[in-house]
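Notes follow once the structure below has been shown.
Letters A, B, C, D, E and F mark the chains as written, and numbering starts fresh at 1 in each.
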Amino acid sequence: MSRVLLTGAGGNLGKVVRENLAGVYDTLRVTDLIEMAPAGSGEEVVQCDLSDAEAVMQLVEGCDAIMHLGGISLENTFDSILNANIRGTYNIYEAARKHGVKRVMFASSNHVTGFHKRETRLDATSEMRPDSIYGVSKGFGELLARYYFDQFGIETACVRIGYSFEKPLTRRMMAIWLSFDDFTDLAKRVIAADRVGFAVVYGMSNNKETWWDNSLTSYLGWQPKDSSEQFANDPNITSEVNDPNDPAVKYQGGAWVAAGHFEDQK
Amino acid sequence: MSRVLLTGAGGNLGKVVRENLAGVYDTLRVTDLIEMAPAGSGEEVVQCDLSDAEAVMQLVEGCDAIMHLGGISLENTFDSILNANIRGTYNIYEAARKHGVKRVMFASSNHVTGFHKRETRLDATSEMRPDSIYGVSKGFGELLARYYFDQFGIETACVRIGYSFEKPLTRRMMAIWLSFDDFTDLAKRVIAADRVGFAVVYGMSNNKETWWDNSLTSYLGWQPKDSSEQFANDPNITSEVNDPNDPAVKYQGGAWVAAGHFEDQK
Amino acid sequence: MSRVLLTGAGGNLGKVVRENLAGVYDTLRVTDLIEMAPAGSGEEVVQCDLSDAEAVMQLVEGCDAIMHLGGISLENTFDSILNANIRGTYNIYEAARKHGVKRVMFASSNHVTGFHKRETRLDATSEMRPDSIYGVSKGFGELLARYYFDQFGIETACVRIGYSFEKPLTRRMMAIWLSFDDFTDLAKRVIAADRVGFAVVYGMSNNKETWWDNSLTSYLGWQPKDSSEQFANDPNITSEVNDPNDPAVKYQGGAWVAAGHFEDQK
Amino acid sequence: MSRVLLTGAGGNLGKVVRENLAGVYDTLRVTDLIEMAPAGSGEEVVQCDLSDAEAVMQLVEGCDAIMHLGGISLENTFDSILNANIRGTYNIYEAARKHGVKRVMFASSNHVTGFHKRETRLDATSEMRPDSIYGVSKGFGELLARYYFDQFGIETACVRIGYSFEKPLTRRMMAIWLSFDDFTDLAKRVIAADRVGFAVVYGMSNNKETWWDNSLTSYLGWQPKDSSEQFANDPNITSEVNDPNDPAVKYQGGAWVAAGHFEDQK
Amino acid sequence: MSRVLLTGAGGNLGKVVRENLAGVYDTLRVTDLIEMAPAGSGEEVVQCDLSDAEAVMQLVEGCDAIMHLGGISLENTFDSILNANIRGTYNIYEAARKHGVKRVMFASSNHVTGFHKRETRLDATSEMRPDSIYGVSKGFGELLARYYFDQFGIETACVRIGYSFEKPLTRRMMAIWLSFDDFTDLAKRVIAADRVGFAVVYGMSNNKETWWDNSLTSYLGWQPKDSSEQFANDPNITSEVNDPNDPAVKYQGGAWVAAGHFEDQK
Amino acid sequence: MSRVLLTGAGGNLGKVVRENLAGVYDTLRVTDLIEMAPAGSGEEVVQCDLSDAEAVMQLVEGCDAIMHLGGISLENTFDSILNANIRGTYNIYEAARKHGVKRVMFASSNHVTGFHKRETRLDATSEMRPDSIYGVSKGFGELLARYYFDQFGIETACVRIGYSFEKPLTRRMMAIWLSFDDFTDLAKRVIAADRVGFAVVYGMSNNKETWWDNSLTSYLGWQPKDSSEQFANDPNITSEVNDPNDPAVKYQGGAWVAAGHFEDQK
């Protein structure tokens, strides 16, 4: 792959991925709605609103593959999510189709399946049960990716990211934590694999407690190396008190489930 | 149920449903973007653009249940589908939530699963494989309905309608034909059932050749009575010539699959 | 089969079965804890407490097959259920083992699976989720039957009876109604079949709305002929008002689920 | 279809199928190893040893579809079965490939799955458990058909025929009886269907007691009309005495299972 | 958890668990029918017959969670098992309900599923196939736990213990061996977990040969650390000679299956 | 086991297995169609054509178990494969039956399932989809083994070998590589296991990228120790360029799928 596009490169996770990918591809084109650090060696920096179809068409031109992390990553108003995640993801796929890009790594979310109970083990065939409008928008992205694969042969790995930050803050996050390095390794494997097809991968490190089963995508050869167990004795985490019937504990989506509709959170 | 809202009441199927429901409920409030026949006895007629959130909020007020047939029912530009089907369906559910409406019959489509091969038998748990942007938008509606049920307790039966017109025109339509009467019967059962939960029902009559299995929703008690077999000797149908590997034959979505992207159809 | 034993012959269902079986076998030995009508032609009447192991040993002697309807058929104190259903069923199977009886029709109950939601379709492999101590005791009977088949080759068909009375009284009973004739037909088939193995059959007539799937036991050739649809216009039934989230509506066990523990019902 | 080839046309079932197909296709080419009735109108009669590759190559030339009933239909020596069923079926598929024939109806057998217990419900995905060398040879034919579909696009419906004679002789045959008319109807549907893909269909009439589930091939639209129930009161059948643990009763293959190896039957 | 109740504390396994739990909870209340070692620091010792409902009611008062190891752990007369395991377990759950105890670790047994063949891989959804009256009584306990969770919200992890002794004695025990430390770790996790729901866990160490799959309960985060491989070269084990069709080898229950009914063992 | 027969001992894999088994059994009888190295200590060398039934009958006499690696291991003419693999394997099982040999390790092949896509995870229950006549012949062998187990109690482990050579040559082979040592360990376990039943095992080492799931045969206790990862930096492998839609990449059978029919390869 000579040129890979990374969207959402100005976000929390995107910034780390950008750093980790330095020198991996001939050219890394990074983009975000917000301002980003200037281009380093082998980088192209393009500021772009993904909801602008024409801008995205230009953005994608000349790329060989796309890591699509862009969009809104928290619950928000329907209009915001509609523009950033629904329209934005459509624009990416349409541009990919028109420019002949054949492979995408799509940053989906565990919130696509957040209304499953914690004691339910999920795999790629589990029913989508979103816990938020945000989760619905990510489910839309997965359906769109499925369509673009079936109809146009564009391969996508949808990564249902758990919690990809420096370290887990709660016991729930202990189960779904995804280290930056493990995520980067997965993203690189998706780009490099002989064949991806249409894949759904749960993005979690090699944690002790797990809710998800990635064996259906063992053909990608991804074996996460980190574990949240290194944080097991963090006093903030271990002292947490929980009620098993609190929605934030009962359901995989955690506090997102408990929060209810964004309109009511204001 | 004293007042039931019927959206899409000016469309081909909506007009028949409206007629069939005359006198069934205390009040039938019918709506469409286009002009409709004037209100009959027990009817309220409200012209409304479903993509207009405030208008929909008013439209839903005072209703006890919704039959949501509105929106675009063919492949179209992304913007058109985004407004009519994605924004429109969101507006319906938000209005239902705010006004305490607890039950919806959502007219989904077989195009949510159109990329399954004809020899694959589907049921409510089958993977969504849309064959069009339209199909993706209906899949979005189903995910939204799933979320509004899990989070807010609004029950929905998603009906993946096959081909609901006067009579089938092709051999493919023989398999997926849904008579107007069978559809109306299903819609009434969804409204009347003790409990619907979140259901996915395939909308087909009691045809001889079938691709879909509705046994998972046998609790609704719906048993279609008509059959496309009555049209089996129609010369236009029987003389059709087919190649088993033609996408329009190979996949359940039929000509929709073969048509490719709407942008390319112009 | 020359002599068939019918337990619970003095109960509501047992009395009808006894009548229906008149003349079917060389000898029908009927038993109950309570007094029964005197023996007719081809009948033997033996009053017996099934919790009395020695009495049961005598009762079973000389029989070729057993229809085991005896025991308590409503929620009750643990001690009552322990004696009648747990001890009683054990005594039946031990006597069968010692006297070489090789086939049993065991009247189990839908309350073995009453905590499944109404929208969940069950078959013989579904998880047992009892809705009462009574339901647990019937589940115990099924496990015991499984053991006596695996270890001693005694074949049993466990019939999870829905509601087998003259007619349904509620909309829930419409779905699970089992006519006396359909039950008798099933019981006779179980006795007459070439091979029963260990079977779990849901006892319902050919109703329109159903929750259960008996296709796994299609080898028994039982096809119920009656339907609760004949009562569909009964005003007492149709006028019922329901809340989909009321436990009596939400769960298959109906009012049993809503009733809670027997200790609290006093 | 202008010319259809029917192999095994001199056998018990083949003779009836030949009669039933009179006038259905422009030309029916019938073949067998043994002498057959002379050609009627629209018929071509070709005597042929299916184990002779060159003869088969000529036989198939000019045909549009094949109904392959030929070969040995009872247990026999390995050499006989190797030649007639394994070599013979290979020759048919190779000739089809070379002459561009794209559809085959292959007469497989219930003896491919005869070692399943009677209380096990089978469908097209059930494990093959042959009860004889004959059954293994039919399984070989199905694997070959699967390969020729995946690699060369030749569609096959494998029909696992139960017992297709004038009438059932035993209670086991009551469950697996396939009337001549139902079989002919199936064969015609396989030839006429828009798409067959690779299908496995159990060949039984609409009997009361069944072991097999054909819902996975409901897309073929085959609904058998006859039933063995018409023979239920045949005194020879009803008087049969069975032991549930006799291999001939316990397993679906019946007497075939009980017979053991052909070498030991001599 | 300030006070945890341990039943069966005088038994082989209970004694080790008691030792291992020293100092883990504020108070460990230990109980058994037989005499136990006197109370150490942070311990309360209560001798109690679990079949005595009133005594159990007192026993449970003031506890926050229960590890229920009590009862008979070998095949025995029906009466003995009825009292100790069926009545005893009921008494525990009723006391838990009345005193508001919300979590139980229930020592079930591999003998609940002992009649599965050794080559059948089991998980929490596998059919219960007890190999003994003891196994049936443990199955009863699991059904009871399921009921108390569904109806009263009392969470239970049923641990189907393999062979939890110092070391395995046979090759069968190599596969199902559970070290004392691994069991204790599991018990502690069950008590500490944010949410248990209703869980079925197979109790085995990290052995090389395994029959069971615990991935469905990976949310408990239990990863056994010991392995029976350390005993692989024990001459008593390795020299064992086996017949694959001996019931003690063929079935998972081993010698229990081969032993037959307790009445016949006397 | 005092005498074990190894067929195909002159082949690439057979030679290594022969060396690895030196001294493991009292006697290792090795055989092949071609000349082999002279007998070492504890060895018997018998040259034999497996398609010669009488010769095989003599060959098997006196053996306790068979490792059947013999036959053709590449695509070839139908006649060659018929003799070597179909007739040859039948001769082996017939000789085993007549001489009372009760256990076989059968070298099957990943080409039995080569027409599954690379992104499909397979286990022992996956549909057989051969990618070649060779693959069909191995499928025949598995069906034959299933029959000889069900009917005659001869246990077989079918090992679907991936690529068992010194080292992988392509990225596809990285996923399916099976080291000589891992294969030998598996073969020894199959012979030594208490019970094998009828098993299907995928023969691959502990590679990073995998397509197959052996958990259903975890009861054999086989845990491969080697990994293809040691060759990950081989420049020939890493520089490979692939098209995801090339049949050799898309399907598990790799180049075998792409090669088409042997007749066309000449």
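Assume a contact is a pair of C-beta atoms (placed from the backbone, for glycine too) under 8 Å apart; a residue touches a chain by one contact, two chains touch by 3 or more.
Every value quoted in this text rests on a predicted model; they were computed, and no experiment measured them.
**Student:** Rotation angle, chain B onto chain C: superpose the C-alpha atoms of these two copies and give the value as a multiple of 5 degrees.
**Tutor:** Rotation angle, to the nearest 5: 120 degrees.
**Student:** The C-E interface: which of B-D, A-B or B-C repeats it, judged by over half of the contact pairs being the same residue numbers?
**Tutor:** Repeat interface, by the over-half criterion: A-B.
**Student:** Taking each chain's centre as the mean position of its Cα atoms, how many Å separate chain A from chain F?
**Tutor:** 41
**Student:** State, to the nearest whole Å, the distance from the C-alpha centre of chain B to the C-alpha centre of chain F.
**Tutor:** 52
**Student:** Return all touching chain pairs.
**Tutor:** A-B, A-E, A-F, B-C, B-D, C-D, C-E, D-F, E-F
**Student:** If we count contacts the way the header does, which residues on chain D are in touch with chain F in the complex?
**Tutor:** Interface residues on chain D, with respect to chain F: 78, 82, 86-87, 90, 94, 97, 115, 125, 127-133, 135-136, 139-140, 143-144, 146-147, 150-152, 257, 260-261, 263.
**Student:** Taking the touch rule as given, give the residues of chain B at its contact with chain D in the complex, in rising order.
**Tutor:** 117-119, 121, 171-172, 175, 208-211, 213, 242, 244-245, 249-250
**Student:** Within their complex, state which residues of chain F touch chain E.
**Tutor:** Per the stated touch rule, the residues are 102, 153, 155, 194-199, 215-221, 223.
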